[in-house]
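Single-structure report; data block below.
By letter and in written order, the chains are A, B, C and D; residue numbering begins at 1 in each of them.
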């Protein structure tokens, strides 16, 4: 279990480095049960990803996770987007978290990590979050003529009136 | 025997037989293939229609016969219809030159077990077999669809490559037997006390491999590779026209196997035809020996299909030009040299 | 000779797209210039559905993601939920989970070898692989009651204990597998056609593989030692002695060899787990109304197809706020174009096969 | 020397002959096909077949209409109503509808049932020629064997 404790310490160092580099744009850190979460301001997202990839060695982006907080935090920005990063070969995982109000364009991570391509298309398909600088932002699962974004909390569970 | 019977009825009967005989062999082959591949794979295979599923090919044929005949709107109708006929006709035609057994004497009349006798029968068969490729190309082109077209293109490449080693190995047989007549080649094997398969092993192997490739069978089934091209050149065919392609492919296999037997394994001859104490082998008619040998090669076709992965077409072309053609050229050279020395 | 660049549509109904995947290919005769995978034909809205289900109810639904390896899906979700809720699984339960998932990995890899060989034209290997896989599925049927969508794990552990009959059954299954692997090796490993089709085909640089988020055997074939069972052990994987096979050339042949070796390692892991199966409970007490305090977690496991992760955010009720699944096939498929460019059309089929994609998992 | 051996092995097609020997061996080995209608594979011990309701030894229904199965079912394939008869201590179901075509056979209902009233049978033939065959009401949930097949198939099996 020492490895895990080491991970915590190393990730804390990474967070400190981020804070040193981006100052107030790092809104805070939180520790979840699986590691560290760094909350960032969306404006520095691409720079932070580039910094983490080039200088901190986080060479893989595992997944991009979007959340709709319509029910849990109706006051704040509607969406939360998480970037699950991985450092190989050391094996630490870091999660970046940004908040995005509805309609706000987020910088695409695709120029930094190629694996973000489809993950961002999926987030767009399901939540309607737009990523600026993505080369080919189309729906990935649903047909192009589909209306609405199904994983938003206000999308009806049993389909729209017009049927699916 | 009256000349009427001898001159008219018997040829008609022979022509009928030459259509029926390949069809029967095809049916057996289809059944054999499905059963043998199934057994190799640990399955049982079709065993419900008729005894051990032997009637399954008939059931398939009936099904195909009643299927809708679909011709694509954009297809070239003439070529589309011509292609299966071309493939079928050229394959059946080549059976005319294959001797099925020793001539049978009925009184004064000598019943020859082949339809047409030609001093260049071997060449004719090779030529006809090349014509059937046109059917494949026409079929792929006329379908006006991408997968069939790719299948047809592959077929062209394949045939262009494999005709050469086939020709060269056949030439070596002709050198040794000093004849292009299939009947004569068999007789020479009797008189020279050895089957050419043992005399010319390299020719035999090269011809066999090329023969598999010429019939578009695994591992050389590129024109119809189902995991890549869906069904290759006959993707757009349905119903009876598809059945034509299907049957012609199997008939072609029977033809190549027959050719192998005639050229390299003494046609209708029993093993060691001239050894005295093995003379009892002559009790079995020549035709049966012939069938046994053909069945062996047909079985090998299936066995090989059940074992090997498929070639990719660049490595297939490489195989021909880097291995088979040099090999058969050297082989031909050696045969010619030895033949002139001995 | 100048060829025309044509667009070729492969799928969604095509013999070797492994389900309803559509590939838009740009080809120059047989040379591939570009590929665009089109997914979504099997999209069932699983993630939306999960938001309305309780944690208990989600477990059987995860079976339907990667239906070739359903126990692995169960495990990934169940571990994430347990870790989030702080449920400690008894040691015996963990060992049984290891046994089940490793058997599932064997079944999945056996099916893979078969599919892959079938794509390259050796249909017989498919049947040999399936014959062996069938023996494993027979065990699943005996243990959990179903063969494909097994639903073999529950929150807190496993639903049933392993009886002596079960362990004997597993040992019999394991004893039969090496012979099958040997047959497959004799049919493929040395075969010149197989080598011509696989050696040097589908190459991807290790850096590119990481960049594209490739995981699983395809990544390990590129020489990257990324196995979550080693780096972030779950389910007591640290108790077992196994090695992570790595490739060097990052081609189809290496991916094939890596998977064959992984099967051997899996056999050894299952044997070790059976030998050292601890006594005790196999399932922790988990309330029927499984409420999880607000929190979030991302937990991933080494599934047969790559890194399978579940992100769960809970909201204090017995239903999750959001579940996101990181499916290995989905991310792996992105690198298809990179591997295929410049290769022949016949290779596309083989490379696609080597990635071991399952559309149920890609489309969710 | 090694190179020569390798060349000779390649020239004489050793790798291909090895493969052929494997398939030849399998040609003569045992076949695994189960010829279905004549031979039937015995389902495993915990096989999850059709759901059935069961009675106790006295022939009394075990179900107490607690609806635990209805609540746990991920796909919502149960519709149960219970009524407490006058003077009776426990609920009894008056309606127990099960929709086979929605069932995923996950087994959660069987696990939560407090009286083991609902259990999996070993019946795996669940084809039906009409949709009505896939709907089970309470008497239908007690059917077994030939009666059950008749319910499903409308008697199409001999």
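By our rule, a residue touches a chain if its C-beta (ideal position, glycine included) is under 8 Å from a C-beta of that chain, and two chains touch if they have at least 3 such contacts.
Everything numeric here is computed off the predicted structure, so don't read it as measured data.
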item	value
Least hop count linking chain A to chain D through chains in contact	2
Averaged-CA centre spacing for the pair chain C and chain A, given as whole angstrom	25
Separation of chain B from chain C, taking each centre as the mean of its C-alpha atoms, in whole Å	45
Approximate Å spacing (C-alpha centroids) for the pair chain A, chain B	63
Whole-Å gap between the CA centroids of chain B and chain D	49
Junction residues of chain A - those touching two or more other chains	none
Shared-contact residues (touching 2 or more other chains) in chain B	40-43, 306-308
Multi-chain contact sites of chain C, meaning residues that touch two or more partners	124, 128, 131, 187, 191
Category of the chain touch graph - line, ring, star, complete, other	other
Those chain pairs that satisfy the touch definition	A-C, B-C, B-D, C-D
Residue ranges of chain C in contact with chain D within the complex	53-54, 56-61, 63, 124, 128, 131, 134, 138, 141-146, 149, 151, 159-160, 183, 186-187, 190-192, 288
Footprint of chain B on chain C - complex, ascending	6, 8-9, 14-16, 29-30, 117-124, 127-128, 131, 187-188, 191, 193-194, 196-197, 344-347, 349
Contact footprint of chain C on chain A as seen in their complex	32-35, 37, 59-63, 65-68, 71-72, 82, 84, 88-89, 91, 93, 95, 113-115, 117-119, 126, 139-143, 150-151, 155, 157
Complex contacts: residues of chain B adjacent to chain C	37, 40-43, 146-147, 150, 153-154, 218-219, 221-222, 225-228, 230, 306-315
Parts of chain B lying in touch with chain D, wherever the complex brings them together	36, 39-44, 303-304, 306-308
